[in-house]
Amino acid sequence: MALIRDLAAQFVEMVLVLVLAPGLVGLVRKTKARLTRRHGASVLQPYRDLSRLLRKEVVLAENASWLFRVAPYLIFAATWVAAALVPTFATGLLFGWSADLIAIIALLGSARFFLALAGMDVGTSFGGMGSSREVMIASLAEPAMLMTVFTLALIAGSTQLSTIAAFMNSPAVGLSVSLGLALFALIIVAIAENARIPVDNPSTHLELTMVHEAMVLEYSGRHLALIELSSALKLVLYVSLIACIFAPWGLAGAQAGAAVLLIGVSAYLAKLTAAGVLLAVFETTIAKMRVFRVPQFVGAALMLGLLGTLLRFVSGSF
Amino acid sequence: MSLIVLLACVAALLMTSVLGITAARTRVGTPIVYGACLAACTIALVAALAQLLSNAAVPTLVLPLALPWLGAHFRIDALSAFFLVVVDLGGGGASLYALGHGTHEEAPHRVLPFYPAFLAGMNLVVVADDAFTFLLCWEFMSLTSWALVMAHHRDADNRRAGYIYMVMAGFGTFALMLAFGLLAGPSGGYAFEVMRAGQHGPLIAALVLTLALLGAGSKAGLVPLHVWLPLAHPAAPSHVSALMSGAMTKVAVYAFLRIVLDLLGAPSWWSSMAVLALAGITTVMGVLYALMQHDLKRLLAYHTVENIGIVFIGVGLALGFKANAMPLAAALALTAALFHVFNHSLFKSLLFFGAGSVQNATGERDMEHLGGLIHRMPYAAFAFLVGCAAISALPPLNGFVSEWLTFQAILLSPAVAQWGLKMLIPGVGALLALSAALAAACFVKAYGVTFLGRPRTPVAAQAIETDRFSLTAMFILAALCLLAGILPGFFIDALAPVSEALIGARMPVQATDPWLGIVPIAASRSSYDGLLVFVFIGLAGLITATAIHRLASHALRRSPAWDCGTPDPSPLTQYSAASFAQPIRRVYGTLAFDAREQVEMPPPGDPRPAVLRVSLRDLLWDWLYAPAEGAVRVTADRLNQFQFLTIRKYLSLVFGLLIVLLLVLAIWL
Amino acid sequence: MPNLAFDMAHLLAGSLVLVSFMLLYQDRLSSLLNVYALHALVLALSVAWQANLQNAPHLYVTATLALGFKAIIIPVALRQIIERLGIHREIETVVGIGPTMLAGMALVGLSMVVMLRVTAAAAPIARQDLAFALAVVLLGLLMMVTRRNAVGQVVGFMSLENGLILAATGARGMPLVVEISVTFSILIAFIVIGIFLFRIRERFDTVDISALDQARGEQR
Amino acid sequence: MSHFVVPPALVLLIPLAAAALLALLPDYRLTARLNVAATLLTFLAAVSLLLEPHPTPGSYLLVDDLNVVFIALNTFVGFTTSVFSASYVGHELETGRLTPAYLRFYHAMYQLLMCAMNVALMANNIGLMWVAIETATLTTVLMVGIYRTHEALEAAWKYFILGSVGIALALFGTILVYVAAQPVIGEGLEAMAWTRLMTEASRFDPALLNVAFIFLLLGYGTKVGLAPLHAWLPDAHAEGPTPISAVLSGLLLNVALYAVLRFKMLMATNAAAIAPGPLMVTMGLATLLFAAFMLYRRRDIKRLFAYSSVEHMGIITFAFGMGGPLANFAGLLQMTLHSLTKSGIFFAVGHAAQAKNTQRIDDIGGLTETHPWLGWGLVAGVVAIAGLPPLGIFMSEFLLVSSTFARAPLLAILLVLGLLVALGALFLRLNGLAFGEPRGASHPVKASSAPLFAHLALVLGAGLYLPPQLVTWFQHVSRLLG
């Protein structure tokens, strides 16, 4: 019985993130539009786009290989699994223990790996450029992410996300410098990984500036739909990650009742909305930076993460 | 029993190499020799596995060879057994691969006699149980591999590679010789059990550790002793490169573990400082060097350097924990290191096999001349992709598991007492994380430029799929990579006896875990389940695929790629290896290689092409090796004058010496 | 009467050292050869004295050898060579005569210090003779390394060898002395012949073999 | 009074008789064969010497654990070299570098040299030993000059002059030893007999022994080729016929070193005398380092390996200087194996020089391509001489380095430095000689490479398994050496 219940919870979770992802993207776009005095498309526009993409035919470059066609499914699967392992509204996920935070990062890494390969498959200079910039940014973002993970793990004494979240929810956690550093680093990484301004601009196709869009330039139809969906999923993943670690309020416990779960869901929705709005505000207030300024930006995150870890190492008190 | 079997296999290998001298010129030579090697390695592998899994009594044997009053001691304990598995797995794979690959060899008479001897040497090093036998086999291993490196000796670069390799090998051997000399003491107790029994003071311990780092490190390729490795490994035939990277470097790791963790007794914390610092630098420098390469095999060789760094991080942590009396943590770190040794031997062999197949198919090692091979040789491409994913530490493959374990070990280290370690270990962790990300970048480049995109040269366009033997070998290794990734528990349990022997503790039993996951310390702390992750990804992929299949349109149209309206006929407009690495070069290169780029942009209307020049300097070479080389040259020149003196001057030398000695006598006596 | 015997031996050995100094002092080849003849003569006397002292008749052979071969034949032969090869008469020295003499003094001092302190246990005659012999040997070597002419160097070597004979005869009842002196005479003969054959005018270093082909009577 | 047995006599008399015979016979084919036969017989006599118990030493001759091994080695290498020489001189005659007349002389001298060396090894009398070594030197001088080229004669002359001075110094040392012995033992032969000296040395005047040892070390050290007394050695090796180079490196150096060893043993028995160790260690190290660096600038292949001989003599002297059971064992082993290996290398070099008809390293290349057996033989030889396993010299160097480091780390560091530098130089040259595109003229090698591979096989065998008998001899001697 309990198993079935947990399975259900897990399933709901997986579906939930999947359903919410385009919505969040839509929300961000809408807010940005409003902030720039535009009317903007509806929040539901991303859903429409997806369904249209699914109905469109796929235009495949002549020398695209099987890898190019398999990649979207792999990317989507990896991202989805990763997203499913992050507690959204309840901690005690059935399979939460099957992969800890490090593994989640690695899953995202595999997704990126195949995306970059796909970008190089067709053999246009665009794809290559996108891939090379993507991996360059990732080569700094991933270690930064791991450093924040270290900090959290040292604070919570675990790399298990559920455990960390539970710990953060508990009164045991006080304010600490390294937590702040970790949060800061995590946000920077999130921005970089999700190709948001100032690192990358998701809504441009100007080759000089684009990174993510350049890789997926050759994709179309259902493949593109999967790619778009997985990048949306990634955004949700990061938001819920930050939420469950740094704003674990209202997170339902392991064996919580229906009421608590309901609270959890609503809290989660609130967090998502807030995050979306904040992101939109942030993106409208600053400008995209040159590609070769990005390393310094993300490198700062790495340094912050390292500093946080170091502080934890040198003495548990910070 | 297992020892007898093993030595029999070694003898068989040696005989095979004698046979190889005669059989080399005949057509049947290649299959006979490699077949024999395959058989011998398989038997040895089985024996070693039996010894490792059934923790039977440790077999020892003394043959009346080598040092007359000592004899040649042989012994297979858990550590030896594990490394035997690594060596013979690699050897078997390489032999199987060579059954196909070797037929393309243009100079078989320079490979067949030495290849089996090389295998024999590696096996013997691991089972040798006294200093002399150990070094004898060690240097024999170097010598045979040197001969294999010199197989294609008409190429001047290969000769240079062989030369540098030989000098570095000699350096390493002498370092180990000195280390053993210290351990044995003036009375010359060269048997390992005598050394184990002996008590060694702190100074001795420090010296031995340094010498072991120099000796084993130079063979394993620790920065800055790595210089020979990226030269020598690519120079050899590909199956030998695979062995050198996959197995021989591991033998060096074995030597280090044997000396430092077994013979030297209790380690001191600063020893782990030294190891960790070197290892961290090695890890990042290795992968950065790799990123700058466009020779496929050299890139792989540099990655060997990186992975050796990862292994040594584990070893260093184990030393630190052991010194701090944290047996569980030490066991975890050591297991992580050993598991990575195993994994690396798998995927590095696989990758070198792939590179060899590419070389056979196109005659090219330079990635800038390749591309689009995934169309021409799909199977090899697939296997190579698995290898790339594994070495880039992507779940659910094996590379990730061992790095994950290393991270877990690092996360246990705040408990150590010494501030030095407290400060160092996070840095090393950061370096490890950095190198993991960079490795992924590097293999995106390697795979993308070699196998994806459009062929850059006709040879790449005319490439043909490699032969069955090679493919079999590659797919076996790929399967093992996946297996070790999704069922790591069993492998970790198999490593328990080793950590039992060296640390005196072991990781918790993993095989009993309900979902076959792994739990290094406690479930609440951290856990990972490769199997589930694999299943999830599979399911998710499947669900998506079916869903798409149901909902979406199946319409599909082939059309030229989007070119912004400016059609580019030439595949040379693709991103090349150099251009792919450019952003990373600009980020890290200036620091690590003092990289310089000049662009010559002709003025508008000038038909000349724009030129971009990139200059990289190997700073380590310039700072360490060039000066030494120069010193030798200058000294040689100075002393050379003594060849051209007149007889009278020579006489005055004699006279002077005589007077000096008489004066000494007159004054002091 | 051992005392007289001792003084006599001492005198002869000492005068050998003296003559070695005279050798160092010479700057003309002809006079050098004369002095060398004297050197050999003194050696012959000393050996003869030792012979009757140790009543070892076989030493007389050595004495006569020294007299006949070294004091007469060799100087004559060298004179011949000088005239044949037209070697000019001055001796070029590496360092001036003066410094050479000083160095010689130092060497004698050194040999005294080494030997006299050393041979406390040995017989007094042997002790003295050894000291002087060492001095002669060192002076001979000094001469070899400070002279540029082949002849000068040969003379140096020969005086060195005289010192050896002195030492050998000084050692009481040492066997094989005669054989040794014979061997050495042969050696010296070789050197002299070599100088002649190879037309070595200036130094030992350059060999001029144009003569040999005629000597072999066949052209290659 | 000299109790005399057959085999020792044979070892000395066969070569002597052969020398006389060969001096008379005109036909070179016959003489070459006779040469081989004589050396073979001598070798067999020496082997019988090995097998039977040591005869009681006479007042002139002596056979004991120390020299019996070297006599066997000496005669064996003499034999193999004569086999090599037989094929070598044939080629020299064809190319007209030698004439039958000279060849007659050559063979006679060869036997005389063998005889002299055997006497030196077997002598129980320091005077006799001196005479023998000098005779050996003179014969080799004559053979080095045999080509009558300008270089050859210069080399011979240099060898002759420096050798003569060495002779003089050695003799002075010998006299001093006698003077030291005479008061204790009494006048006459007894005071020069090793057997007596060894027993009585403890009561000799130590200070006199000290001076004596200095002269002996310099005198015989000149023959050994210790820097800076080595000057004659490279040229003599390079310019003489290759068999003579092989004999010089393989045997004559050993004989001179054997003399030094004997005197070291003498010193060791006298407690009051200076310990010869430090002196020998210093000279050994200096020689090793010097020769190691000299290897780099060599253009002539034979000179290259001559310097490697100098290097090894340095190592061996160092080993005996260090003393102690391990180091002495290492020294003895290295003496034996070096003479086998180095003569083997010179066989290979001789063939190579004839095949390419040059000795310039730059003109010899890719031997493994053009002459596989010869090329790989050379590779094996260099590998052996560089001290790499599984060939024997590795064992001695292992023992030396490891035991030294435990006792005197700094010295061991210098030692290793020298070895490493030498290894680098040797392989640098090997790269050019044996590998790469074939260079220069290339004639087929008619001569048999059997001697070469015989030596290599022996060295390989020694690296893996040492016969117990040999080990006990060496261990006994190492104890004597202190």
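Lettered A, B, C and D in written order, each chain numbered from 1.
The criterion applied here is as follows: a contact is a pair of C-beta atoms (placed from the backbone, for glycine too) under 8 Å apart; a residue touches a chain by one contact, two chains touch by 3 or more.
Note that the structure is a prediction, hence the values are computed from the model and not measured.
**Student:** Determine the set of chains touching subunit B that also touch subunit C.
**Tutor:** Output, common partners of subunit B and subunit C: D.
**Student:** If you tally contacting C-beta pairs, which pair wins, C-D or B-D?
**Tutor:** When the contacts at C-D and B-D are counted, B-D has more.
**Student:** From subunit D, which chain is the farthest off, judged by mean CA positions?
**Tutor:** A
**Student:** Need the CA-centroid distance for the pair subunit C / subunit D, whole Å please.
**Tutor:** The separation of the two C-alpha centroids amounts to 31 Å.
**Student:** Per the centroid of Cα atoms for each chain, what is the distance between subunit B and subunit D, given in Å?
**Tutor:** So the centroids are 44 Å from each other.
**Student:** For subunit A and subunit B, let me know how many angstrom lie between their CA-based centres, rounded off.
**Tutor:** That pair's centroid distance is 35 Å.
**Student:** Please work out the Cα centroid separation of subunit A and subunit D, and write it as a whole number of Å.
**Tutor:** Here subunit A and subunit D have centroids separated by 78 Å.
**Student:** Residue numbers in subunit D touching 2 or more other chains?
**Tutor:** 157, 161, 165, 207, 210-211 - these are the residues of subunit D that touch more than one other chain.
**Student:** Using the touch rule from the top of the page, what residues of subunit C touch 2 or more other chains?
**Tutor:** 114, 117, 141, 144, 204-205
**Student:** Can you pull out the residues of subunit A that are in contact with at least two other chains?
**Tutor:** none
**Student:** Name the touching chain pairs, would you?
**Tutor:** Touching chain pairs, listed by label, come out as A-B, B-C, B-D, C-D.
**Student:** Hey, which residues of subunit B end up touching subunit A in the complex?
**Tutor:** 371-372, 374-375, 378, 385, 389, 392-395, 400, 404, 407-408, 410-411, 413-414, 419, 422-423, 425-427, 429-430, 433-434, 436-438, 440-441, 443-445, 447-449, 452-454, 515, 517, 523-529, 532-533, 536-538, 540-541, 544-545, 548, 551-553, 555-564, 568, 571, 573-575, 579-584, 586-587
**Student:** Residue numbers of subunit D touching subunit C in their complex, please.
**Tutor:** 127-128, 130-131, 134, 138, 148, 150, 153-154, 157, 160-161, 164-165, 167-168, 171-172, 175-176, 178-180, 182-183, 187-189, 191-192, 205, 207-208, 210-211
**Student:** Please name which positions on subunit C make contact with subunit B in the complex.
**Tutor:** 94, 107, 110-111, 113-114, 117, 138, 141-142, 144-145, 148, 153, 203-205
**Student:** Taking the touch rule as given, give the residues of subunit B at its contact with subunit D in the complex, in rising order.
**Tutor:** Per the stated touch rule, the residues are 64-69, 109, 131-132, 135-137, 139-140, 143, 150, 153-154, 156, 159, 162-163, 166-167, 170-171, 174, 177-178, 180-182, 184-186, 188, 190, 207, 632-633, 635-637, 639-640, 642-643, 645, 647, 650-651, 653-654, 657-658, 661-662, 665, 669.
**Student:** Quick one: in the complex, what on subunit D touches subunit B?
**Tutor:** Counting only subunit D, the residues touching subunit B are 157-158, 161-162, 165-166, 169, 207, 210-211, 214-215, 218, 222, 228-229, 231-232, 234, 274, 279, 290, 293-294, 296-297, 324, 326, 368, 372, 383, 386, 388-390, 394-395, 398-399, 401-407, 409, 412-413, 416, 419-421, 423-424, 427-428, 431, 435-437, 463-466, 468, 471, 475.
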